[in-house]
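So, here's a batch of structures to check.
Common to both upcoming complexes is subunit A, partnered first by subunit B, then by subunit C.
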Partner chain A sequence: MATTIMSDPNPTREALDERASTDPGGRYLDTIHSWIVTVDHKKIGIMYICYALVFLLIAGMQAMVIRIQLAIPHNTFVSPFTYNRVFTMHGTTMVFLVGMPILFGFGNYLLPLMLGVRDMAFPRLNAFSFWISAFAGAFLYFSFIGGAGLAGTGTAPDVGWFAYAPLTEKAFSPGHTVDYWALALILNGIGSIGTAVNLFTTVFCMRCKGMTLLRIPLLGWIYATTAFLVLVAIGPLTAAQIMLLIDRYLGGHFFDTQMGGSAILWAHFFWIFGHPEVYILVLPAFGFANEIIPVFSRKAIFGYPAMVAATAGVAFISSGVWAHHMFTMGMTSFGNTFFTLSTMLVSIPTGIKVFNWIATMWGGKIRLTVPMLFSIAFLFQWLTAGLTGIMLSVSAWNWQLHNSYFVVAHFHYVLVGAILFMVFAAFYYWYPKMTGRMLNERLGKWHFWTMVVGFHLTFDFMHIPGLLGMPRQIYTYEPNRGWTGWNEIVTLGTFVQAIAIGIFVYNLVHSYFQGEVAGPDPWDAWTLEWSTQSPPPEYNFAVDPIVASRRPLWDLKHPEDPDSAFE
Partner chain B sequence: MSTAALLHIDNDPIWQLPSRGRVGMACVILAESAVFTIFVVAYIYYIGRDVNGPKPQDVLKPPIFGTICLLSSSFFIWLAERAIERGRMQAFRFYWAVTTMLGALFLADTGVEWRKLLTQDHLTISTNLFGTTFYSLVGLHASHVIVGLLLLSVTLVAALTNKLTPAHSERVQVLALYWHFVDAVWVVVFTVVYLVSAR
Partner chain C sequence: MTVGGSGTWYSHFYSFGICVASPTSIFSTTSTPADKVRLLSLDVLFTLGCVFLAIVALIVHVLVHYRARKGDTTEPPQVFGSAQIELAWTIIPTLIILVLFLGTARVVFEVQDAAAPKSALNVTVVGHQYWWEFRYPKYNLVTANELHIPLSDPGNPTPTYMELTSADVIHSFWVPSLAGKTDLLPNRVNEMWVDPHKVGLYEGQCAQFCGAQHAKMLLRVYVETPEDFQRWIGTQRQQAKTSVPGILSNVDLESDNSQKITPQLGRRVFEGQACISCHAVRGTVAGGRFGPDLTHLMSRSTIAAGIAPNTPENLLIWITDPSVMKPGSLMPAMHLTSLENKQITAYLTTLR
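Up next is the complex of A and B:
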């Protein structure tokens, strides 16, 4: 019995029931059943992605509500209570139910294909991780109907996505709203850790013959590093949530300031998780750029070993910068200096990456397809986000702008300008592999340019009210602050972005039925996923591939000049 | 040029990858270590910050017996690992049973200690910061011991009913890795709780 759990090399072979295909009702049920019981990494990957897309739309609508409320002073579009719930759920959803699942989805789908194997290291653990995360998402949103707080005021959590103590203690947040938040994140964390174990183990223990560590596509290194960060960072969040629940249910005093507990300790624990989390989200975006930019520049990636080292450097340094979120809470001057310097250090490995991407494009035959357009925009926007990051890392500057809209603009520049843009690039690049059909290029260009205009309208101009002193998480503001015009532009930008997302969703659905048939290798790419059919069969590769270089398909297409001759 | 690539493959040594079980368990241990670290940090941070008693130095006595049991169980599980690797199933069953028993004795010792703390010293999880941090840190470790004991017992039953064979040696070693981790954590918890805070 136990032998089947770990050592079965080909875990997924679904037997299709031929009889069912005559009865449409039965066929649909069978299809649903096959997705629910699947342990195939491709199906789980797609489920992760769809799950994240649904929550992307929900949290996007919450962002619209926030922006409509803030468009003009003294607005009463929603009540203050609703507003608090909306921005809390927007942040929590985007980080935990959109960002991580969509990246796990791509990782799940792509890694075994890129490494030339038939599934992840632990297929059942994979399914378990997805379903427990899915349950966590449903559980969090159930709080809208189940989480009664103060009479009539609290349903969904309303304590901000970082849920600072002691606001979350029983005395200040009665009812169950905070419990839904904490329990949902614990469950989601179990799923994330399971997936991280799987991703890490897959990269190191599941490689086709000849795929040595320095021949893994860079995306593999990226996901191994991300998985490592998940393992290191999610634990502290889980521990802090357990402490919070002990406080709320067993009368503990971890964050109870009246009994000597410390609210600042919560902030430390949360940001020990929270800052690596940023890199958990952004590293896969880097990974997509590592795969997409070379293919559309028609050159091998520049500085592969430097990229691997820079990735590890980002992971290492980002684990020691968390208190730059806490400069205004009062630290010693040593603490201020340390966290300022460590934060600035992150710009060295990320700078190496940016230079390597530019060097990859330099002298290449650049093809301006939609994935490449998104990647180029990513380069500019990531650079800008990094520059405001350096500004904010200086503790003296941070004291002026902490918790202002400048900070909000900075991290949305990372999350939207870098991560979301690269996720879009990844969609345009790998959608043909996943569905067998190309996404419409013309709609894609509309999507891209609308998104660029909307993004810059929103987040460029959001810096200015921040500099003028507008704090984050406020319900409304006075008309005489000079913030009104800027906020109107920002809100206008979100509507433009909404149109862009609308085009994208239409493109996803439209191209699924009407798109051009892709064939196995529409981009003339070089990594192993393009050597099998689109979409790949359940077993991925009919014959286990053998590789001799970092670009096995280049070797196959150019036997006169293979990469392997130069290794 | 193309032959160079093929030659390269032919000359490769046998394609061997690290064991999935060991790497996976190492990942789990890393994640668990992060959880424990946070609880240990909280415990250390709150030493001496109580606004009311009892204090650790008044009520805590180092659980020497339980500690000896738990730490020596690591030795016996190592003997069991060696035995199954060499196919000596009789010895394996014996050492594995001893390991399980020692783990259970540790848990019983913790139970006795908690009973004394609760009934004689009136220290509960909500009494003060010491109670909160003590019960959650030691409890977190004890819950890991319980999980370990469940896994050990299942393996023991499989071994006694001859379902376990030397072919399962690697899995047994992966499980033993977890048990070693639980022991190593106890060294940290013991030092912090009974040696540092109860000084």
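Up next is the complex of A and C:
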């Protein structure tokens, strides 16, 4: 059936309509088929985003299980075994199956449009990267059926998301959960490297006429830097996973301490990946802010060259800070002070970014749309997260704070308060481009304010039990510690956040069918993606654009005062 | 760092604001390493708090003054940057970072590189899934889960220097009142020291995920006056004080007594079972080293790494099936009869 259309990977709308009139059921098959075989960067981008949203909901529910369990001391909502699985899967999922795919998704969708080209540099590699990552996610979750973990009773991985050796060795983790974890991350890493190669090449080799290096939208620089960090970071992670599998199955002793192996070796490999990973996730959030804050302040970004330099600086410095995760492992005093300094230095380029965003808003005419509200909340929250990050880099203080709930609060401030908030901003900002319809503004404001309240209830108060000595990754705690009240507030906050996410998901679905029609340029913006239809046609631009400045649409709209006169 | 210190006005603010009642607060410290970190942390908190307020004020100012007016569709003047301003907000943070770094470096070197005085007590801490082994090499003494150390008088310091290692996976020793945490790694020895200034019980727990029961690997440190500490050492050095004859003795227990719950029968069951493969009771055939030393079990106030009071009732529940209190504990249920379990409990309660 429908072989003529099935054999065409990109059927025209007319062909599909004609098909639908004779065989309505076949139309869905054709649609699904067209998504599966697509090499179009926009479809792949949307698939990445949907894939990440599904896992966001799953890992969010795991977070709820964690918080219900910790609401009161000696709770028995879940067993210790289940709890350990849940927090391991929550962390692994959020980092590898939500954070990276959602950012790759936006990058895939936006970069060719912003650079004024018709696709990514390697469309087939792009499709391959998505599908292998998707397989990795499915594979990891298959462990719920196929694995058996610590004490032989687990199913999903239960060794924590950084999976310190030698807990992951055969002696302590019999069964196959660690194998699922390691293999899934290796596969996911292949996808990440493919996408990184693609993003990097696209930014540097695939720009439209007139787009010199210093006219690339900042998001392009950000994604090129992120891609570079992925290439630096994923290698050590994959190497560590392979060493672990050699230990487990081929009699190796890399991390097998009983045979002279080293437990610290794993920590080094993991965090050489793990710290750049934080910036892999947060840089695209900066990139969204770089695009959204100027448009809703009605001003060009302040200090473009400094922003590019700061991005490169963050990437460079963040490759040399990994051992700040290991201040308590018994490094020398020289090692501790070195990594204190290198970690503190990261705050200089990130500080430049914060100041430049504020300066962009300074003297502007700020429009408090939903994307801008999320961006402003992001500014406050990223500021706080940065400052608690400096506190953690104070290695002597880190001896107290390390592995406590203060750390958990700090990195959730980064991952939720900065990254997730900017992802929401990006949704409200670019959803009209992707679907042709606006997200509902009223629901958006409800979403924003519930999210802000929920976020601050949860993560502000989460710092305090950490200061009162509560370690992370514990399934229960003693009533005499003075942590109970704080944990109750934190749990309450997660319920408020769950409501916010509910409103968001409803808005996504509702607006897809009922939303106001957006038109090509609903925000009166300046970069190339707003010069084509919403949603853009398969080929993006009917005519290859030619640009003369960083803000080509500004030049078109203000011929009396074009940027090109100043650059 | 010279700013701040214990007597500054804002340190009081923190002690009211943050130090709510908790035995494990990092702000209620009684030992030099923890004190130094607390003072440093207050300085850092104060400095960064000022930075926070300054930047928040900037953002709020911008939001208040530069909101678009309704109906105003004109564009504001476009400004692309300013080298002077950008230089300023590169240099000022660099200077702040430099000050914070120097303050940190000083505390790191002072705490980490402090040489042990001759009067120091040495203790070896060995982490196990999910309990703590404490060895006092000088006294040839091994105990578990409850660490006893002497008070250290600043005039005549008797600090405790610990060598930390692990028998299996990574653990972390964390008693916030005494010092920051130090990890226990297998195949490696780490060091830390404490010099508590106040007698009392200090609590903490394992701070590195180490498996199913990481949450129930609690720590109790008893700080005692030097006299009390010496008395404790004296008691602990003795062999098991039980008067009950062992399995190898010639005492003939009459068979019709075997239904009774007596320490004698309990010891017989204990020594006849696999208990002695893992547990030691000095002075008897029990010499296992995989589990906690039980020689002076009843001198400890808790069992199972601090999770339950050491009462005969709890002991009975524990030895009947450890997974009731601590699912995932490596001690197996021995599937003895309830009579035998009661007999063992009767024996254990004689180990004073």
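One rule holds for everything that comes next: the second predicted complex is superposed on the first by the 542 of 567 C-alpha atoms of A that agree within 3 Å, B and C clash if a C-alpha of one lies under 4 Å from a C-alpha of the other, contacts with A are read in each partner's own complex, and residues count from 1 in each chain.
Here, a contact is a pair of C-beta atoms (placed from the backbone, for glycine too) under 8 Å apart; a residue touches a chain by one contact, two chains touch by 3 or more.
These numbers come from a predicted model, not from an experiment.
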According to the stated criteria, A:318 is in contact with first (subunit B), second (subunit C), both, or neither; which is it? neither
Looking at A:93, would you say it contacts subunit B, subunit C, both, or neither? Reply first, second, both or neither. neither
Tell me the contact category for A:290 with respect to subunit B and subunit C: first, second, both or neither. neither
Applying the touch criterion given at the start, work out whether A:359 contacts subunit B, subunit C, both or neither, answering first, second, both or neither. second
Check whether A:200 is in contact with subunit B, with subunit C, with both or with neither, and answer first, second, both or neither. first
Could you say whether A:511 touches subunit B, subunit C, both of them, or neither, answering first, second, both or neither? neither
Between subunit B and subunit C, which makes contact with more of the residues in subunit A? C
Just subunit B (first), just subunit C (second), both, or neither: which does A:473 touch? second
After superposition on the shared chain, which partner residues are touched by A:240: those of subunit B (first), subunit C (second), both, or neither? first
Just which bits of subunit A does subunit B share with subunit C as contact spots? 260-262, 561
Any idea which subunit A residues touch subunit C in the complex? 79-81, 84, 150-151, 153, 158-160, 164, 166-167, 171-172, 257-258, 260-264, 297-300, 302-306, 328-330, 332-333, 336-337, 340-341, 344-345, 347-348, 351-352, 354-356, 358-359, 361-368, 376, 379-380, 383-384, 387, 390-391, 394-404, 464, 467-478, 480-483, 558, 561, 563, 566
Inside the complex, what are the residues of subunit A that reach subunit B? 2-3, 6, 121-122, 193, 196-198, 200-201, 204-207, 209-210, 227-228, 231-236, 238-240, 242-243, 246-247, 250-254, 259-262, 265, 269, 272, 546, 548-549, 555, 559-562, 564-565, 567
List of subunit C residues in touch with subunit A within their complex: 18, 20-27, 34, 36-37, 40-41, 44-45, 48, 51-52, 55-56, 58-59, 62-63, 66-69, 72, 74-82, 85-86, 89-90, 93-94, 97, 100-101, 104-105, 107-109, 111-113, 129, 168-170, 172, 174, 176, 179-183, 185-188, 190-191, 203-216, 218, 327-328
Subunit B residues touching subunit A in their complex are 1-2, 4-6, 8-9, 12, 15, 17-21, 23-24, 27-28, 30-35, 37-39, 42, 45-46, 49-51, 125-126, 128-129, 132-133, 136, 140, 158, 168, 171
